[in-house]
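See below for the structure under consideration.
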């Protein structure tokens, strides 16, 4: 087995509020191999963004990592000092955010924003940084890059802004690119453009990609591996093929069947009952238990841990995973 | 930060308190605001009963006791005409209160009316009001106060009127922008889709949502108007003596400072503390009524 | 092209606004009860003259009215007056007929301008760092202290501060700093502090809240994700955005300071616009009073124009309109 | 036939003036709707689908065209007549929180709808609030909650309850599920379907989610830059799309493959939606259309079709089919 690029183990993150604590991430573990594309899928509040932002030290507000390790190569990102982490962010790990409208500095020319990524890390000199910015703009498909270099974000469309974000994120040739809902704010036709751009960049650069999304369609068409999160816990994690063929968690199955696709006429919908919860105390039983059609008493008494299913690299946190697989198959 | 809302088995969180009670809960946490509120209440009470508890009339002069330091007879001393400073201050509080409430209320009512009109009606009404607002903001309104007071006299009425009539622009602009923001929003659209009349939308949708902001603006406006009133006195155009006012006392104290500093300590000190108290209250209200939610 | 059009539009609006101010001011001064003879020193002399020699008094009055154009129809007076002010032809004051107003203003205006400008400068120089400090240390005791202090600075009017300073440096620390007059640089220290302290408070509070707001923006997280260091994030990304907002408070602040120079000059006996204004109003000397108001309003409006231009320079999204 | 129609929209156009520029939000749109039917409106952002929904309800005044609802021309109604008519036509919003008054409890928000329409007595209203809460799947305690205390799905249920409280015949659903989580979306869709069956509601369902639109709609209209490029029955339109844009939309959907071998290639579709301030000449889609030829750049295609129910605005409609 190749040495993993990023290994996150037992990550816990909480948000302190005036009167209580929100347990946003409750013991998340995952690895990203070099060149691998991992899709983290979950609904809002599942902690999918928070766990990745925690690793990068990008939590806002009162968010705080309380436990866990995140080894990137040989260093534990969670033990680094701010300065050391700053050196890694943007150079070794690039990040793309959801909303290209607000994620670019409105008062800075986009060229300067791209150059800043390189100059901060002394990746190249000033002149080279300029030339490279032009190249990058061209590479991400922005026509007339010399002129566009001097434009401000408000002069771009949403799709174009996301391209600029991508150019910025890959400017220093990172080994790992993290994309937090990169296409959610975009129209479908533009979503396709952005995804195919990401795919192209991933292949030419051989970088690992972690894509955080709530959209199974995006994840399954783009990723090598799918990880499903719920209530700050990993429910299931499997290579794509395995996940498509043998989903093993009732939540994964339920989510997948919640998606209404074109062409499925007269389909009977089986909604997952209930709503997502915000945990104000650490989970002691399966967090999905109240919404699960397969729940048993045992599910209420123990907190299922991720365990390997069969011989494959398929991990699931459900007591009845075998039954789920049999049932679905 | 994608974090879902509380919804364990339905709704209804345990705390079922009214929004007012919650606001008060937040207000209480700000100690300075509470102290400020106490002072403001004291100010209000004295403003009402001051003249009755004052040991001397404000106009009583007694040259035998002129320019005395604080004594048991005159706990805050006397000025060069033998006025009892303590009594003067009690009367001044009443005058200040009249201006604070009267003038601020005039500005507030004019401002709210024009702002609402501009925001709701839009079009030319909005144009006219906003040009007027721009006009009022283009130059210091204090000069207009000066002109008005010069011409209409230095009595209570003219001063109250002058300060009131020139101070509306800020309120108008605030309420207009709030109303405008909401008028095109989905909340009002939903109400319109239900067939709500304009007055119904105003009463049940717009008004409750601008109330807090207006209360805060009003709270910030009162110390502003008190300052303007005193400022008029400093230029010699304040309330005509012998009517006592903080501004007059402070202006007079300036010239007698070296010999009789107590003439300054008490009026200036109490005046400054009052303004501060109003500001603390306003600041506390701002935090309590418009909490910045989230993380 | 945008800038030129913007400038033309704004200058026109300034002209209209000033004309309106003058017209309103003039008509109020002239139409409202109370004659210009009633309270001026000239007025009392005229009164005596009227008793001693009514004919001469009448002649004198006609002469006086002709001299100031008071016998013309009202609208003509107003337009004439507006024109006079626009051409800086203020005439002579009632109180001091031998001295043209323009010479009085010429010596007084720079003093007031220096004071107001100094007060704003002080506020910017002290307020910004304090506001940044409070924002970066938010919810600590430093923040608590700074916000409370700035609220206090905000609350206490300049004239109360000035009076306290006179007490402080006139009685207790006599001789440390001059408390009246104008001439050497030390004379400006106390007035500027008295004028500027409230502004310092405003800017500190404003800077604090706008920087906190700016730091919450999504694009700050993007910069962090790029690996941009702490201080560059504060200065290059957050500050720049909150500074543009700050510019919008500096304009009104200048207006505020101009008004307050009047009070402070009174208290520190500084021969600026303020020390001319109080007697002018008290004596119903409206040529002088109106000239003063006109000049100060003009100053405020020109400063506001500059502020708006600055705003556009700082924020590329603002299209000059 | 026409007298059966609940809603008839004829050649409706809506333009906005923004800073001296004209934005063509909706251009010359016509359709009709019966009780119990659903019309799906599909399009990307800026296609004018929300504007159309609001223009139909006369929340926005149309610049041209006619909207006849229950046989009455809405544009001819007086303000107070329109107000009364509103109880028959309601709207559900994308962001339920923004559409609810933050200072009104859920119960009073629903009740206020009935107060506005003067329906029922105080006691009856209270009872109906409870009925409605139960019907949309909210616990009764929710009546005392403020909107911000509820989850997104619950807020949307409140929005639905409020719209239904006045017993409408037509409901415009403006992206009612796009702000919700997938698992919640299904719940809301099911609820909307059940309510339609029970109450014979007509829906105008606005969404960019083609799967959901197909699932819910009887007929579908595809909008591009304010113009209808294709309209037809849901079945026809999705199985046999005529307009190149409809095909592009359908091609952009990322379905979950059944195995990794069946993943679809991520092909790039050209261009982005042009600014609605400067719509292209001729066919609005021609700059992005791979099949466009000269005629498309100068002549605007008219909406027509081989059948009266499936219409396309494309010069190449027939050629496109054969490709």
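A few comments on the model shown:
Lettered A, B, C and D in written order, each chain numbered from 1.
Keep this in mind: contacts are C-beta pairs under 8 Å (C-beta built on N, C-alpha and C of every residue); 3 or more make two chains touch, one makes a residue touch a chain.
Predicted, not measured: the structure shown is a model, and the values here were computed from it.
More C-beta pairs in contact connect the chains of B-C than those of the other pair, out of A-C and B-C. Core chain by CA centroid proximity to the global CA centroid: B.
In whole angstrom, the spacing between the mean C-alpha positions of chain C and chain D is 56. If you average the CA atoms of chain B and of chain C, the two centres end up 22 Å from each other. As a whole-number value, the distance joining the C-alpha centres of chain A and chain B reads 51 Å. Annotation for chain A: residues touching 2 or more other chains are 43-44, 60, 275-276. Not a single residue position of chain C touches two or more of the other chains. Taken residue by residue, chain D touches two or more other chains at 151-152, 154, whereas all remaining positions touch fewer. On the chain B side of its complex with chain D, the touching residues are 4-7, 10-13, 16, 19, 185-187, 189-197, 200, 204-205, 208-209, 293. Within the complex formed with chain C, the residues of chain B that make contact are 32, 134-135, 137-140, 142-144, 146-148, 150-152, 223, 227, 230-231, 234-237, 250-251, 253-254, 257-258, 261, 264, 268, 271-272, 275-276, 278-280, 283. The touching residues of chain C, counted against chain A in their complex, run 216-219, 221-230, 232, 236-237, 240-241, 244, 314-317. Interface of chain C with chain B (complex): residues 13-14, 17-18, 20-21, 24-25, 28-29, 32-34, 148, 151-152, 154-157, 159-160, 162-164, 166-167, 170-171, 252, 255-256, 258-260, 262-263, 266-267, 274, 277-279, 281-282, 284, 289, 293, 296-297, 300-301, 304. Residues 44-45, 151-154, 181-187, 189-190, 208-212, 214-215, 235, 238-239, 248-260, 263-264, 266-269, 272-273 of chain D touch chain A in their complex.
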